[in-house]
Structure formats: structure tokens, C-alpha cells
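Both complexes below contain subunit A, partnered by subunit B and then by subunit C.
Moving on, here comes the complex of A and B:
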């Protein structure tokens, strides 16, 4: 089998664009999914039962169905059945953000619940309002505790952006498979694709491990 | 908007076959992933550094590459290198299983090391062999602690099996795509597929939660 690696170098611009698109998708999705997740977590902790039920149903639904199917649903069903036409990038980001918001909301909820009731009571006793107690006392502690879980979600999201290649968003996997189809350099392209993901993903996985060690909740 | 379920009802066998394949692929990938993961996790916890480095490299590689890429590699890459050609389903099972094994190995290692080393030493003073200590003292406690993360890995694998549609494994997602293309009824087909996945994953998640809540007191040390 003769391999021709120059073909990878020839397409370096496309690979770079693909990698940048992957990073862009990750960053945009996460910046939507962090507030989204926090909002959902608050809705799930709301004293109103219907609000709580709706938020729970949303979260459980998105957590119990495959992301790729959610993306397909957004891409094929929204335009065909509801006549909602969005650019591909927006469709991909919406699919990813709804999914990641659901996962983030569970993380935030666990973090908020983990701060003991006594702290809320102490804050209220000092004359703080409920909102102040949440913003100044509960939230900072909760965020520190959920950082490791958020780091894991970040790494998963980075990898899951590859799924939007199925709806023709030109991120790294899509670009690699396109070049593969055009040049018939199968093994070179598959190796380049895996290697670029590895180069980007490995440090992130290691960073997530470090955050785990650094911010671990002590028993 | 009129809902027309006949495309699904007419071809229910085609979809049922997809569901069956999803269940088979998921359970075989889970068996492979748990077996391999247990093996790697034990090696990394109890054997020296020289095994830790290659195992760690495998685990971290699987954790930093998307499942999609692993599946494409399993189906297109491995046959090109080794000359062995296998069916999409086998490639899907191997790809999903290898990906899962890395996460299982991490959970196993974290669970085993979470049992305090004093217990191991106590076992040694009682004259037990290291294998006996691991089997009768460490694993039973660690297994309960590992249950929630391992349970979520099971559910993640069922969901990830849908990604195998990309390499044309005839599972539920793939069969749904085909029917959606034939009938031009994406709404009904994909919604039904989503409900079916939900009906598999949601009870599974709740079941594991309940099991853990019953067993949790046994795992505290």
C-alpha cells in the first residue's frame, strides 16, 4: 500500500477551516448552554409545580434520546413540517445547545442542591433577600463544585460537534470526509482527521482531569 | 398539519428490525466495552508503570476522539490496514465497544482507588492473598460506588449506537432515515424513533437510579 501524505499538506487550509469551525461550534454552543442550563436548573427548582414538571420533561427528554437524532429532527422536520428555515449553522448550534443545556441543568441542579440549607437560612437571617442569597452565597459555591462536571461536558461537546457533519456543516469531520471522497486518499485522510482531533482533544481531556483533581469535593 | 402514521405502520417490520439491531449492537458493545474496560482498569490500578503508559495512552486517545471518527476508522480504516473486512455491524460493535472501554476503565480505576489503602493492608495482615483481597473486600464495595457512572455509560452507549447509522449499521436510526427518505414523512418517522429511544433509555436510567439507592448504604466504608 503506497501512502501519499503530501495530499494532507495540500489541503491544510481546508483542515484548518474545519478545525476552526469545530472550535467555533463548541464555543458558541457552550456559551448558549451555560445560561440555558442554569435557567433550566432554576425552573426545575421552582416552587410552581407546572413549571417544574415542564422543565423536568424537557431535560429528561433531551437526556434520554440520541443527539444525532435531535440534530436530524431539527434539520429535516423543522423546515419540512413547520416551515422553519434556518441556516445550517444555526440548526446545528440549536440542536447542540438544547442537548447540552439539558445536561448542564442537571449539573447545576446538583451543585445548587449540594450547598447546605443552613447557608440559605444564615443569609436570610442576615437580612439578605432570596435573590441576593442565591447570587452571592449559593451560586459561587455551586459553580466551584460543578466545574469538574462542566469540564467533562465541554470535552464531550467538543467531540459531539462531529455529529453536525451529518447535516453538512463544514467542520473537521465533514471537511476530512469530503477531501477523502474527492482525492480517494482514504487512509491519509482518516489518519489526518483522527490526528487533528487527537491533537485538539487530548489537551482538553488532560485539562479536565486536572480540574477534577484541583476542584474535587473533599469527602 | 395532518399526521400520517401509515408510512411507519406499513413498514413496521423494517423499523422493528432496526430496533432489534439497536438492542443487539448496544448489548454487544456494552459487553465488549465492560470486559475490555474492566481488564484495562485492573491493569492500570494493580500493575506497574510499564503497563500504565500504553493503557493510559489508549484510554486518553479514545477519550479525545469523537465516536463518529472511531466508527469511521473501525469500518473504513481497519480493513485498509489489516486486510480483514468485516460487516458494518461488527465494525459498529467494535468501535462503540472500544470507545466505551476507555470510559469504563477510568470508572473502574477511580472506584478501586477510592477504597482506602488501609483495607488492603488489613487484608494482608489477616494473611489474605492480594487477589483474595481485591475479590472479596475491594471489588464488592467499589462495585456499588461504580454503579451510577457505569449505569450512565450503558445509557450513553445505547444513544451512541445511533451514530453507527453513519457507517450504515441497519439500526433504528438508519432504518428511520431510509423510511424518511422513501416516504418524505420525516416528522412522523423521526418522532417515532425519538419516542422509541426515549422508551428504552428513560426506564433504564430510572431503573439504575433505583437500584443504586437500594444498594448505596452497602457501598459506604
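Moving on, here comes the complex of A and C:
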């Protein structure tokens, strides 16, 4: 088989743009999905039953259906049914961040519940309000406990951004597959794509491991 | 405000700060407290003793309003704790609470543990709060641990920080819920010493304890709980040397018998 790696170098500009788009998607999605996840977690812990039920339904829907379906849904059903037309990038970010919010909410919820009741009581006994107890005592402890899980979600998200290539967002997968289609150099292109994902993903995975060790629950 | 070491021999003053009047409480159908009445006067140390599960800790939690009651009332400094219009947050700022399991905030350094409520609740500025916190840590002898995290402290040290944290709010009353029950035997002494000093300074204290020696020496008044109610109360001399109620006698002699296993059975409460 005749390999020609120069085709990869020739398209370095496109690869770079694709990689940057992948990073941008990951960062924007996570910065929406962290507050989104926290909000959902709080709704699920609400004393009001209807609120709890709605949030649970939302989370369970997004956790139990494939991400690619959610992206398609945002891409085809939103414009067709609700006449909501958004730029492709926004559509991709919405699909991803709804999904990741649902996962993050479970993570946050587990973290919040894991802080024992005595901490709340100690805060209340000092005269703090329930909201103050949550902000100053419960939430910081919950976040420290769930950082490793959030780091894992981050790494998964980084790779899952490749799914928005299906709606023509020019991130790394889309770009690589486009060049492949144009040049027929599928082996070189897929290898290059794998290498670039790995070079970017590996340090993140290592960072996640480090966070695991650093924030291990010790009690 | 220093009071002589043997005030518990003197007559009881009558200046009630905290009063339990026929307090009853159920957990579902289980009776937790039944018609419990006693009173804590200003500058007085009241020790609550009794077997595990007799309602001693429950009644402390009721005093802070963290638990509801089903009958009777608790009056603190003229305020009825469970009245609808009582501002529990204000009331709790005047009561310091110390728990068996310390409940320090593990994500904050020792000094920030002490300063948190000063800043958040009292809205003191940060520097003033830190200065006051240093004074409090000085008082419990732990100023050199100010910047450590609670996890790096021994149990006794953690409990002293918890005491400093409660004292920082300048409460009128300190409630101690088995403060030494979770401690290693060698660190119990340092906590009891701090508590004794507080008592000598005139702090009003309610102490749920299994440390009979502490109760006998420091308390002005001893309340004996069994099965959710007060079965006997009086000055320590009377309770320890000449208990009138058979169950008190039984409880005290039981402790004499089982001194070693005592702390174990406390933990299961």
C-alpha cells in the first residue's frame, strides 16, 4: 500500500482549525453544563414535588437516550416543529450541554447528599441560614468530592464533541473526514485524526488522574 | 466573673436562662421525651447524665430548635423556642453548640472555621473576625494550629476548636452533647480542662456527659434522664452520694461496673 503522509502536512491549517473548534466546543459546553448541572441538582433536591419530578424527568431523558439522537433532535426537530433556527454551532452546543448538564446534575447531587447532616446542623447552630449553610459549608465540600467525576466527564465530553460533526460543525472529526473524502487518503487521515485526538486527550486524562489522587475523599 | 471552685456546694440561684417545661416529643410513634422539666440558671453548669438512648441529646437538639417538640415548652432568655414568631437564627447565635463528632468544616482551616459565622452571620469585616478568632484559639490553647486543616488535628484538638468556634459568637449559653465520647482516652483530659475553665469563668453550660467525675466536680446541678424523662435531679453531692431513685443508683453502679466499655456503648447512641 502506498502511503503519502504529506497530505496530512498539506492540510495542517484545516486540522488546526478543527482542533481549535473541538476545544472551543468542549470549553463552551462545560461552562454551560456546570451551572446547568448544579441547577438541575438543586431542582431535584427541591422540597416541592412537581419541581423535583420535572427535573428528574429531564435528567432521566437525557441520560437514557443517545447523545447523537439529541443532537439530531436539536438540529432537525427544533427548527421544523418549533421554528427555532439557530446557527449550527449554537445547535451543537445546546445538544451537548443539555446532555452533559444531565450527567453533571447526578454528579453534583451525589456530592451534595454525601455531606453528612451534622455539617448542616453545625452551620444552623451557628446561626447561618439554610442558604448560607449550602453556599459556605455544603457546596464547597460537595465540589471537592465530585471534582474527579467532573474531570472524567470533561474527558468524555472532549471526545464526544466529535458527534456534532454529523451536523456539519467543522471540528476535528468533521474536518478530517472532509479531507479524507476529498483526497481518498483515508488511512492517513484517520491516523492523523487519532493522533491529534490522542495528543490533546492524553494530558487531560492524566490531569483527571491527578485530580483523582489529589481530591480523594479522606475522612 | 470568676467563681470559686466549689460553688456547687452553695445554694442554687434562681435566675433561669433556659427552662424545659414538661417537654414531650415523639419520633413517629416512639416516645423520645416525656414530660421532661428542668431549669438552667445563669452562670450555672448543669450536667445531664443517664443511659444511652434516654433522650439526653434529643433535649439539647430541641433547645436549639433543630428538633420540634410535641408538648410542653422550652424558654430561653424569655423567648419560647418553638413559638411561631421566634427568630431561631437569632436565638441560635446566643447558644453555642458542641457536638460529639466535632463537626468542624473540613474544607476550612482552623481559624476560618472559627471566623466563618462571624463574617457570614455577624457580618464582621474579615480582619476583625480573624483577630477575634485568634483570641478564641488562644483561649483553647490552639493558636499554633490556626492555619492547619481539621484533618491534621487530634480529636481533642478538633473538639477544642469546636469550642472556640462556638465561643466566638459570644453566646449566653453553651450546650455540649457528649463532647468527649468520641475521643481517645488520652485527649479527653484536655477538652475537660477547657470546659472546666469555662465553667470557672462563669459560662452557663449544659453538658450531656458520661464523665461522672466531671459532673461530680464541676456541675452545680445534675439531671438524670431515663426513658425520655427526668427521673431525678439535684446537686451533684446528692445525686452521686445519696441518689433517691433506684434507677439512678442502678445506672451509677452500672457505670462503676463497666467503666471500660462505657465509651463504646455511647457511640452507638
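In this text, the second predicted complex is superposed on the first by the 217 of 219 C-alpha atoms of A that agree within 3 Å, B and C clash if a C-alpha of one lies under 4 Å from a C-alpha of the other, contacts with A are read in each partner's own complex, and residues count from 1 in each chain.
Definition applied: a contact is a pair of C-beta atoms (placed from the backbone, for glycine too) under 8 Å apart; a residue touches a chain by one contact, two chains touch by 3 or more.
Keep in mind the model is a prediction, meaning the values are calculated, not measured.
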Counting residues of subunit A touched by each of subunit B and subunit C, the higher count belongs to B
Where does A:163 make contact in the superposed view: on subunit B (first), on subunit C (second), on both, or on neither? first
Subunit B versus subunit C as contact partner of A:124, first or second or both or neither: second
Does the superposition put A:202 against subunit B (first), subunit C (second), both, or neither? first
Is A:73 touching the first partner subunit B, the second partner subunit C, both, or neither of them? first
Under the stated touch criterion, which partner chain does A:210 make contact with: subunit B (first), subunit C (second), both, or neither? neither
Just checking: does A:184 make contact with subunit B only, subunit C only, both, or neither of them? Give me first, second, both or neither. neither
For A:5, decide between first (touching subunit B), second (touching subunit C), both and neither. neither
Looking at A:155, would you say it contacts subunit B, subunit C, both, or neither? Reply first, second, both or neither. first
Just to be sure I read the superposition right, which of the two partners does A:144 touch: subunit B = first, subunit C = second, or both, or neither? second
Would you please give the residues of subunit A that touch subunit B in one complex and also touch subunit C in the other complex? none
Quick check on the complex: what are the subunit C residues that touch subunit A? 61, 64, 66, 89-90, 92-93, 95-97, 99, 101, 103-107, 116-117, 120-121, 151, 165-166, 169
Spell out the residues on subunit A that touch subunit C in their complex, using ranges where they run on. 118-119, 121-129, 132, 136-137, 140-141, 144, 218-219
Touching residues of subunit B toward subunit A in the complex: what are they? 1, 60-61, 63-69, 72-73, 76-77, 80-81, 155, 159-163, 165-166, 173, 176-177, 180, 184, 186-187, 190-191, 193-194, 197-198, 201-202, 205
Mind pulling up the subunit A residues that touch subunit B in the complex? 1, 60-61, 63-70, 72-73, 76-77, 80-82, 155, 159-163, 165-166, 173, 177, 186-187, 190-191, 193-194, 197-198, 200-202, 204-206
